[in-house]
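Both of the next two complexes hold subunit A, though its partner changes from subunit B to subunit C.
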Partner chain A sequence: MRLNDSIDSQQLARKWKAVDEKIQAVAFWCDETEKNDSSFYVAVKDNISVSGLPMQAGSHILKGYRPVYDASVIGRLRKQGGHVFCKSKMDELGMGDTGLNTGTTPIFNPYDLSRIVGGSSGGSAALVASGCCPLALGTDTGDSIRQPASYTGTVGVKPTYGRISRYGILPYANSMDTVGYFTTCIEDAAYALEIFEGKDSNDMTTLIKPGGSYHRSLDPSLAGKKIGIFHSVMKTINDPVLQKIFDDLIHYLERKGAQLVDVDIDSKWLNLVDPVYKTIANAEACSNHACLDGLRYGSQPIADTVEQAVKQARTTGFSSLVKKRFIYGAYSLYEENQKDLFLKAQKIRRQIVQEYLMMLEDLDVLLALSTPDIAPQIVDLDGSRMQIESLSNSHLKLDNLAGTPSLSLPLGWKQGCPFGLCIRSNRFQEQKMFDIAKAIENYTGLAGLTVEV
Partner chain B sequence: MDRSLILSLAEDLQFSLTEGEIQNILTDFSWVESIRDQFAQMDTDDVEPMISCSEYSEHALRLDQPQSCLEKEQVLENANKIKEDQILVNQVVRSSCD
Partner chain C sequence: MDLFLHIGLEIHCELKTKTKMFSSGPIDYHASPNTRVQPFDVAFPGTLPTINQRAVELALRACDVLGCTIDPDLRFDRKHYFYPDLPKGYQITQAFHPLGRNGSLMIEDQKILIERVHLEEDTAKLVHKKGCTSIDLNRCGIPLIEIVTQPVITSVDAACSFMEEILRLVTYLEISEGKMEKGQVRCDVNLSLSKDPLTLGTKVEIKNLNSISHMREALHYEVARQKEQIMHHQTIEPQTRRYDEKEKKTFFLRTKQRKVDYRYMPDPNLPWIRLSKEWIQEVLLHRPSTYQELYQRMTLKHGLSEHQAYDLLKQKELVDLYFQITEYTKQFSMVANWLCVDVRSWSKSHEGPILIKPEEIAFMVNEIDQTIPYAKAREILKRGLQGKPIQAEWENYQKMQFSSQDLDRLIHQVLAQNPKSVHDYLKGKDRALAYLVGQCMKLSKGNIDPQKAKELLKENIDHLERSAMDEEE
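This part shows the complex of A and B:
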């Protein structure tokens, strides 16, 4: 489904219900009176405020909360004729990459219901992949749009930090949180950035940069383009099916006149991407969510003191996984640990980002597979453990540390399931990213890809 | 990390942990220690902490002009309970009469 497809609202509404019975991607449905054949429908991740609709972000601590205002991105969407038809499910408070820790049922991958959809924006990804809507909003703090995009054969875009307002978004790790979206093709992805981007006086981290006419300016020519291949990431891809499809793409790009170069960053920095990300993300999360007291919404327990009531609400309101992340976050913020953990992570972040930006400086785009394989089977995962992830699983976080734009585009198939290619460019160079993505989409022929569930 | 430190952190964070959750945190704590070891090997002398990825770009602070954004009726419409034209917040502290 694409943005300019004509739709039959009644038929589409029946499809939404039928599909969601299988993939379990919807957190809350919107009032059906908004239906209109001339508009396009959008799923919105349940950490983005939509006036009057519940917002629970996959957590019991927010049960019963209804924002009384729209996030800035929702206002921009409405001005362009977009209608919100549902809030989509997500991993609790954005903390998770599986779509399993949603506070209710797991979200299932529309290509294979026994596999994860990814996360934390898994509900939005699944709804676009299954043809329920042409556009869905998500957020990406570590890889929360691009990883589920890879697992669901959708286009998942994380723009430059500051391109899109975060006003009205429930924060996770504010120095890296980025609003983005899913579509089924690059043309829609380019147009969607035009809808959402822009300076917002309610979010001082939005940046004054001229907006683009990305859709009209799409140029898929490859001749002379300088395209980097992220060597350290690709050398960890061991699967022969994925490797061959990537190699075939590289040969195609060379035949079309692009200049392909192997590029890299010293492994001493790459090995620290995941540790630095997790240290900062856990610390910012435990601070940002200190305000969730469960008194005005949530379980609202009755106790002898306010402190006891808050403690009861937070004990039952957060899952074990989230509590564990808060513990590690608080530990790294303890005065005696800050110098060695949180502060050190912020300093190493600067060093990593400097290396990364130097690598991107000379390139039009940088390529690597978004994920090392197709979506894992649900039964194979143990989501309760915390561990350092391999580079092939963690390299997407580089763009959150640096604030650079990055997208995942469907590239190929294995066992009937899709996997994606990550295309990234330097800050505010989204046009270059979309241009090369369009060329690659022409090669794969996967524009508009959806699956019948 | 030991059990007492975990309980102290949980107290600061205003939640309780089950015995299973404590054991799970203890089991995975080697993860945090391995990060500390990795960080210790890096020379960050004279490096400023990076607190935001937008620090290189130009910002414009908005003028501090209060704006009315919600009517009282809208706010009350969204409240679970209303008493005398005001939001009634659920009782969370047991009164001496309870």
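This part shows the complex of A and C:
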């Protein structure tokens, strides 16, 4: 496990600063005077509250805000000897999948500085990929951990909804927000879940489920394992390099005695994943961020009236991309639209989830590529700061709609850049997910993968 | 022209809990502004609500006593609007699934239908002073129930009676402290006048009435104002008004033409909680007595007059004290009178709770006409209210009684029983006088003042001596 590697904190600080000059992944440094060489250092996504450290979540409206309390995961991290080294940059309020919408400079991919890092947990992904830290905290509402993990050759884990407390996490969409993390190997990933999971009296959506000793229980045997291949998603992969690497993996798994099956959900449901996700996420986000009015914290503009102050704070505080989502969100909740938009989305969500869970029920794990390709070039995104949605990337959102665990693990290379494999299992079946992931990691030999920037 | 009045009430009632509805922020009405605030109450990003179980229990009690059908699925929704009294930008309430529905309450032989009783959180308090508005977040998040009636109340008196009855219910069942003057219970009134008894007229709302007398005045004024308008064939616009207590008039606040869209949605941070039948029953079983039950006990078991019972029931603190005191005494009527007269007048001019111990009061009441006359006992009790120990006051009184009535007899007795000591004293032995004083103390069981005894002894001996000398002459 790399989490136990001893390190020299001074040397580490120098390395981090040098790396960050190139990849621009740090939002705020932690000026901790007491540094302990026996502990491990962790980057924390800038939407996770750390008492006394600034938290801006990539948004101007939170300029100057310093939380007065720690998120529950920070408490758990410290109990296990972890130290917060920095807050990592992110797409504004978790909205964005590129690492370009950060309110400041873009975050650059450590493998190729001309490429995006992905998002919204891009900063954390980049810092783990560049060998700065063995563990970084992120959050995943749609694909915000797994997609940047794929683009940066890291292990990105989104556990079951309810496993890890959300207390202290600036929300995006509460019913799908999941705290997760990046590591460089499956052993660390399994161990990290032991650190962070558990019922929290501050978060009523955390569930009491027997935790695991995931790390010690890791079992990479493949014989007899039932592994599904997500047919509709893999059908959309048209890159021959990625396709070949995936096919090679499948043959390997079969040789090792795993039972591979093609599985699928009716395309009528799959095509609805993206609109349903957006409708719900935007509505929840619009509601959650109503507290960002500039009256009590963050950018507090001086104005003649309360209305003017709020208007000014929100007009200048949010990017147009965020405002657009708020408008969609509010629109779908208006009384006259609720039934056709928000409520309908909820109804369809339940049906999609039912189909998806049925598909997972018979399987140990389900496989598909995390992303249809390696990270896109920044110039190719043409200033939109958003990627084009297609089934090949929206399928990751299924796990947010369903609350199921899902991870991305580096699988192979194209043009010197990594891409990931998505492994998912049924709710609270993280052990199965880690077991197969460990077997595949043994096959790829990419455990502990980092890159010199 | 006959006009028919329809009134509906929306009553907000703060629940009597130690902490807030969704945070561990303590509730303290006397605390300085913004000192009873948790991160959640300020809506710091990332804070999450947790449900106050006690608040749910009290709300269930209210639903039960108002005869509501209880929804066993506890669910909360968000009601959105931007206003500085609402830090989160939404209020957590029960829009879609109120805890109680379809209740009723009998008022003067009329069944007042209650549409819903639901749980929610209070907003922050805005204090307007000198053109400046301050926000006190202490109130933000205090648990509330909102009781909404159908617009079926047809007179101002019935509306006020309904409100009085609600206040009594919530106070006696300890659902709320029930003090309108402290803002713990607030009332919004909807009223309309129409020419047809079966259809409602245009709805006008009067917001935030904070006492029953204001409610009565506001309603009378508003009814008269609208009648006047209708007589002059003016149309009434749907609107919200406020009542000015000084001018005794209602004033236009805003129109209701443009409806606010609150964008209700279920709160994804709070899971649905299924309340089991057994748990609900258990909660409803353990409740304080209603005031009707207390009335029965006072009149039937204790023999208080109707008037006495009603008089006591006006003030719950007195009723509580009454039952505590009557644990120790059977002088029911005496206790009731004393509470209604002396204690009530004392509590009107003093802040804070009544600190006198019930067993002390009972003791005093039991002594009346035995060892102490009524008037004296009342004086002592009055001093007791001011914090003086009652037992000690009574003992003092007893001592005083001893000295004035029986002291002479005692002195004579001591002198008659100890001629030798008298003789010694007369010879100039001072120690003999000390011995006599000692004898007085012994006989009186220490209930006299030794200094006083000494003086009286001297006086008496001198007197004896003089009369002896007179005889010799």
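In the analysis below, the second predicted complex is superposed on the first by the 443 of 453 C-alpha atoms of A that agree within 3 Å, B and C clash if a C-alpha of one lies under 4 Å from a C-alpha of the other, contacts with A are read in each partner's own complex, and residues count from 1 in each chain.
The working rule: a residue touches a chain if its C-beta (ideal position, glycine included) is under 8 Å from a C-beta of that chain, and two chains touch if they have at least 3 such contacts.
Since this is a predicted model, take the numbers as computed values, not measurements.
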Subunit B versus subunit C as contact partner of A:Thr279, first or second or both or neither: first
Dominant toucher of subunit A (residue count), subunit B or subunit C: B
Which of subunit B and subunit C A:Pro301 touches, first, second, both or neither: first
Touched partner set for A:Ser287, first subunit B, second subunit C, both or neither: second
First, second, both or neither for A:Ala71, with subunit B first and subunit C second: second
Subunit B versus subunit C as contact partner of A:Ala57, first or second or both or neither: second
First (subunit B), second (subunit C), both or neither touched by A:Ala345: first
Which of subunit B and subunit C A:Ser49 touches, first, second, both or neither: second
Touching partner for A:Glu335 - first (subunit B), second (subunit C), both, neither: second
A:Pro171 touches, of subunit B and subunit C: first, second, both or neither? second
Common interface positions of subunit A, toward subunit B and toward subunit C: 68-69, 175, 201-202, 204-205, 286, 290, 293, 295-296, 306-307, 310, 330, 334
Contact footprint of subunit A on subunit B as seen in their complex: 1, 5-6, 9-10, 12-18, 20-21, 24-25, 28, 31-32, 34-36, 38-40, 42, 44, 47-54, 56-62, 69-70, 74-75, 78, 80, 89-94, 98
Subunit C residues touching subunit A - in the complex, by the definition given at the top: 39, 42-51, 78, 80, 82, 84, 87-90, 133, 261, 263-265, 268-271
Parts of subunit A lying in touch with subunit B, wherever the complex brings them together: 52, 64, 66, 68-69, 161-162, 175-176, 199, 201-202, 204-205, 207-209, 268, 271-272, 275, 278-279, 286, 290, 293, 295-296, 300-307, 309-311, 314-315, 318, 320, 323-324, 326-328, 330-332, 334, 340-341, 343-351, 353, 384-388, 400-403, 427
For the subunit A and subunit C complex, residues of the former touching the latter: 47-49, 55, 57, 62, 65, 67-69, 71, 166-171, 173-175, 201-205, 283-284, 286-287, 289-293, 295-297, 306-307, 310, 330, 333-335, 338, 342
